[in-house]
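Structures given as structure tokens follow.
First subunit A sits with subunit B, and in the next complex the same chain sits with subunit C.
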Partner chain A sequence: MTRLVPVFVSILIAVLLTSILTLALGESPLVVAEVLLRGSIGTPTAFGYTLYYATPLIFTGLAVAWALKAGLFNIGAEGQMTMGGIAMAAVGIVLADLPGFIAWPLAVFAGFLAGAFWGGMVAWLKIRRGVHEVLGSILFNFISYGIAGFVILDLLRNHESQNPETLPIGQSYHLQALSDLVGIGGTSPLNTAFFLALAVALLVDVVLQRTLFGLRIRWTGGAPEFARRSGVSISATTLKAFAISGGIAGLAGASAVLGYMHKAREGFAAGAGFVGIAVALLGGARAWGVVAAAILFGGLQKGSLDLDLDTENISRDLAIVVQALIVLAVASRGALVELWLLLKAKYESSKARQV
Partner chain B sequence: MAIRNLLSKKGLGLFVVAGVLVLAAAGCTKKSDGSSGESSGGASGEKANGGEGLTIGLVLDKGGKDDKSFNSAAVAGATRAAKEFGIKVKDVESPDDAAFEPAMRTFAERGIPLVLAVGFAQADALKKVAPSFPNTHFAIVDAVVDAPNVASLMFEEQEGSYLVGYLAGLATKTGKVGFIGGMDVAMIRRFLMAYEAGVKAANPKATVFNGFVGITSSAWANPTRGRELALSQMSQGADVLFHAAGASGMGVFDAVETDRKKATYAIGVDSNQNGIKPGRVLTSMLKRVDNAVYEIIKSEVEKKFAGGPRSFGLKDKGIDYAVDDHNRELVAPYTEKLEKVREDIVAGKILVPDFYKTKEKK
Partner chain C sequence: MQTGRVEFQNITRICEPSKYRALDGVSAKFEAGQIHAVLGENGAGKSTLMKILFGLVRPNEGTVHVNGSVAKFASPTDAIRTGLGMVQQHFSLVETLSVIDNIMLGHESTLGGGRLDRARAIQELEEALPSEDLRLDWNRLVGELSIGEQQRVEILKLIARKAQILVLDEPTAVLSPREIESLFKILKDLKARGRTVFVITHKLSEVFDHCDTWMVLRAGKFVGSGEIAKTTRSEIVRAMVGADVPPLADRVKMQVDLAKPAIRVSNLSAETSSGRLGALKFSVHPGEIVGIAGVDGSGQTELVNSLIGIQSFSGEVEVLGNRVEGTFDETQASNCLAGLLASGLALVSEDRHHQGLWMDQSVWLNANLGYKNESWLHLGDWATEAERFAREYDVRAPGLGTEVRNLSGGNQQKLIFAREMMSRPVKLLIAHQPTRGVDLAAVQLIHGKILAARAAGAAVLVISSELDELFALSDRLLVMAGGVFSGEFFREGGDGFDRDRVGDAMILGKRGST
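== the complex of A and B ==
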């Protein structure tokens, strides 16, 4: 529990700063908080949307967190997500008539493979050519946009539609909406991809904490010299860890592509890969922390849509400000603790002098 | 003081509790509003013989309300209606494709009688939402959604394109004219097809070059590429260039300005762009999204809303070409002929080819 406290303090600080900002803009923070709460958890539909927005963030957050454990910084979740989503759509269009029990698992697997391939290439470049993974993964993002454009707008384009999107995927690939399945989420597009995300979170947690492979990853990230001397192959672990990170990010498109739009539309990743970095940081790079952080960010994203409607001076962009403030506060946690200790020491010494 | 209170744990607790309470209260009031709101709204509407107290919802496309073209025009039309009828307009910008649906639903759930969806990207979302709210009226710009409570506002872009094509055919000295499209989609093909027909009608020997900026939505915002395409067409001899390329069209205006002999002209699109490079813009083909939005709000206020497709063209000035101080002298020699063509199109004497319809035949 003590580990969690600073994160909550960070969120508190972000809330405080946001309150000052809203006051300065001439709106009551209470009203804004009410709008955000109502918009994100006020109705079953609103909460469904919150979880829908959170779903890709759980995947990308887990991907980034997983890589962090191995001492790697994966900035390429956006590209890996894009490749994964394209692969899912491609399988769903080309093999449209597969029966249901094999169809969607195959698409999900294809998404994982595509993302893993994309991540693996970055790791391979790092191991073989010494290309830093931050540089590699960010450049691979751009390549993925190009490939996505080619596949969506050329190979699999739906010429009947004015929108830049692919043909629809086969019926058997649709991930069911939770509202149809178990009656939750109101009329939101929340679908079974959310459960897939939770399952992956559980898997990540178990593998990292309970398996030898997880131990190797944590050694590689935490004490590479120790890992090397213990006989762990750093390059093999790096390759595997980064490929799996990419694979997890590759699943992030499932919610939109298989669960909601039933096709890949240009720009479906919508920045989830980058927000995932913030989610991983906020979640303390731990699986359940990431899930919680993703739901918080999803709630902000959904709740803020109503700000345009219900306030005069504040627009939905406030959500981005809040997200940024939270990340800043989390990132400067160490400094805050030190500041606190410094103030405490000063206070105590002045007290001592008075006596 | 207030801030320090907030900082303390008690303050935060209060803050959260207050938030939850307000939320609960809002939830309750909303419900009672939903049922009584409709009836009272109707009653007061009849009494005031206008739209007093009425609120209209506007769901904007990703471009946002300051895009200086499509969304801005919709907001302008709604604002005009709001002033005239004393109603309120609420607008929401959608950050992503998944946000259209909740925005429409939120409006409808709050008992807003008319919800306007701006842009064809919202068609899928509206298809899902409209049947769930049979008592709410919806309108969508630039797409057809087949539901009894949806008005689909379509524009006869081909009529205006034909007209400015005819003008281009009359005005060209080289016998070569150009067209720069934004994203290569059916709607822009529709512009091109009619433009070509218009040019040939005025000048059967004329050549029409065409180029598209791209095939993704970023093609609407790439003025550099727009300029390149324009310069290339100019180097082949084109001296009148019509663009239907959103913000990429700004590059076309820049290209036209590079002609030192001042013998090359651009034709603007959607809004009146004559003033962008005064003297170098022959005219602008106007697509009055603002008028369409105004009209549909007016019909709602007057309780004459009707679902189904509605088209705006030359006859009702939903489509037009712009004449103002910047280009009055430029177009003066051709006005007579242009007005004749306009009358003939409205009267049905000239059949303008429509890309949408030729596609259906295939």
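== the complex of A and C ==
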């Protein structure tokens, strides 16, 4: 529980700073808060959109958090998500006539494999060639954009459409909208990919906490030299951990590609891979933290859309500012604790001097 | 007038947030111009007391008097101005700078335009030089110096800042016997020039040979002090541990089976950035303890890493019947090591913080890491197992859920030994620095367990830089210097273990290698 305190304090600080910013722009923080809340959780549809926006962030957040556990920084979730989405679309287009019970699981699996391949290559370069994973994954992001462009705009392009998008995937690949299925989420595009995300979160948590495989990953991240001297192969663990991280990120496109657009559109990843880094940092230690952080960020994204209409001087970009402030506050929480201790010590010594 | 008198009055230091009393009402008086030994087990509070003297830590209660007046240092800078200086256990030197640059750093004298006035700094230093043994080549890079010489640079830094009171924290931990002699000669020269020296240590032989007074702390409390000349060794030991230390278990007579060595090495050579090994040949048999002596950095690390197959080498190495390949392939190497561990190797590595423990995890997790092969973890069993280990090895922790970083060094090391020795039948123990920085009671326990392993028929290889430890344990002693064996000594037959001859082998080999 005490672990959560700094996170809440960080969010509080971000809220405080945002309020100051809002005041400086001549808007009332209360009005902004009201717009954000109404827009994100005010109606079933609004909340459905919040969860829809949160879904890819859960995947990418889990992917980054998983890699962090192994002591690796995966900032290539955007590229892995792109590759995964392309793979899902490709399977859904090429094998359009597969029956339903096998179709969408196959597409999901293809998305995982494509992401895992993309992540695995980065890990392989790190192990064999000493390329730092941060550098490797950034560069692989760019390559993935190129491949996505080629597939979407050329190989599988829908020439009928005005939009830069692929042909539609087969009917049996569609993930059902939750409004149709269980009547939640109003008219939002929220779909069963959200449940897939929750299942993956549960799986990540169980694997990391309760299995030897997960323990070895955490061990390699936490005490690599000790692990190595106990017969654990650092390179093999690194490869597996990063590939799985990539695979989880590869699933992130499921919500948009299989559940809503039913095709891959240029830029469908929309930065979710990068926001996933912030989600992982905020969500921190456990998979459920990541889910909570993803929903918070999803809510901010959704709620801020109304700011364009409902306020004079503030646009939807406020969401990005708030996200950035939260991440900065979380990242500097060590310094915050130190500052607090320093102030406390100063106060106590000044009190002692008066006595 | 002599300066350098120090008096502690009722010093109490409470650690937040545990409310642990690192020091509890310590009062003591130290005369100027003497060498004072500050003794105590790990965690007894000796370093904390010295840090309070030096202004690094502030006491919650009590005062420090230097030369009769109350000293309130807000920072080490204050302390330095008042004539205090401290050499920390880990040196703070810039290896890429020369000796004189390191000494000048922080109070540089300059010519016009910010150019360093090295000539003046050297001249001032030479004038103030209290001991000819401190003289070094001022222009050599610190990185090229031996550990002993680097320590001299640290002392010179204090001389250059005109320190009257010098505090040395465990200064001999990393030195060879000869370097220790020369360090104390320097300290005696400092004393002859009227300076006061505090030496934090737990090596009693140095205290008796070189120091004037002693003070013992135990669990944060002042236990006793006095003049060395009027004290016996056992009095001090009793003060340190609070009881008489039981003598080591008797050394059982073992029939060593020469036919099946647990370690067989021939023609082992290796070259790494940190050192090289030259054509080593030796073996270790069931039922014997082979010690490897040598100054740190003589190739011991490379030898151990070769034995467990995690570095590349040439030559033949066979451990517990497994051939160890000198391979570059990390995955293959870890498979090999996993195989060794499964065939009965217990491994205690040199650096317990990085190589033997996962510091920010619990005692119970650390007790079970490495040998459990269940893919679904039965964490309930792990706790039971950890409890068993902790009981048998007297690992003292507030609870099994405590992070191991919060244990004392002795308890950390006991935990490692318990895991390595109790989790599987041990056929071979490789223990590298088994008791470095560990309190006396833990040393005693660990030595007892090592002898028990030998009595049970295990082969043991102990690599240490503490001769006392090697003399107490070894049946056979190999001396390593500059990556080669420079001497072999036998407990029985031959001349036995002779401190001077072993010490010579440690140094001579070094000379031979350069």
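One rule holds for everything that comes next: the second predicted complex is superposed on the first by the 354 of 355 C-alpha atoms of A that agree within 3 Å, B and C clash if a C-alpha of one lies under 4 Å from a C-alpha of the other, contacts with A are read in each partner's own complex, and residues count from 1 in each chain.
One rule holds for everything that comes next: contacts are C-beta pairs under 8 Å (C-beta built on N, C-alpha and C of every residue); 3 or more make two chains touch, one makes a residue touch a chain.
If you're wondering where the values come from, they're calculated on a predicted model, not measured in any experiment.
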Item to check | Fit or clash between subunit C and subunit B when superposed on subunit A | outcome: fit
Next on the checklist: A:222 in the overlay: touching subunit B, subunit C, both, or neither? Say first, second, both or neither.
Outcome noted: second
Checklist entry - Is A:230 contacted by the first partner subunit B, the second partner subunit C, both or neither? => result second
Next on the checklist: One more residue to check, A:212. First (subunit B), second (subunit C), both or neither?
Outcome noted: second
Next on the checklist: Tell me the angle subtended at the Cα centre of subunit A by the Cα centres of subunit B and subunit C, rounded to the nearest 10 °.
Outcome noted: 140
Item to check | Contacts of A:141 with subunit B and subunit C, given as first, second, both or neither | outcome: neither
Item to check | Residue contacts with subunit A in the superposition, subunit B compared against subunit C | outcome: B
Next on the checklist: Quick one: is A:179 in contact with subunit B, with subunit C, with both, or with neither? Answer first, second, both or neither.
Outcome noted: neither
Next on the checklist: After the superposition on A, what does A:22 contact: first (subunit B), second (subunit C), both or neither?
Outcome noted: neither
Checklist entry - For A:30, is the partner it touches subunit B (first), subunit C (second), both, or none of the two (neither)? => result first
Checklist outcome for this item: Min C-alpha distance, subunit B to subunit C, superposed, in Å, is 24
Checklist outcome for this item: The residues of subunit A that touch subunit C in their complex are 127, 210-213, 215, 219, 222-223, 225-226, 228-236
Item to check | subunit C residues touching subunit A - in the complex, by the definition given at the top | outcome: 308, 310, 330-331, 333-335, 337-341, 347, 349, 351, 354-361, 369-377, 379
Checklist entry - Quick one: in the complex, what on subunit B touches subunit A? => result 3, 6-7, 12, 15, 18-20, 22-23, 26-27, 90-93, 95-99, 101-103, 105-107, 120-121, 124, 132, 143, 183, 185-187, 215-217
Item to check | subunit A residues touching subunit B - in the complex, by the definition given at the top | outcome: 12, 16, 19-20, 30-31, 33-34, 37-38, 42-43, 45-46, 49, 52-53, 149, 153-154, 162-164, 187-189, 256, 260-261, 265-268, 270, 301-302, 305-306, 308-309, 315-316
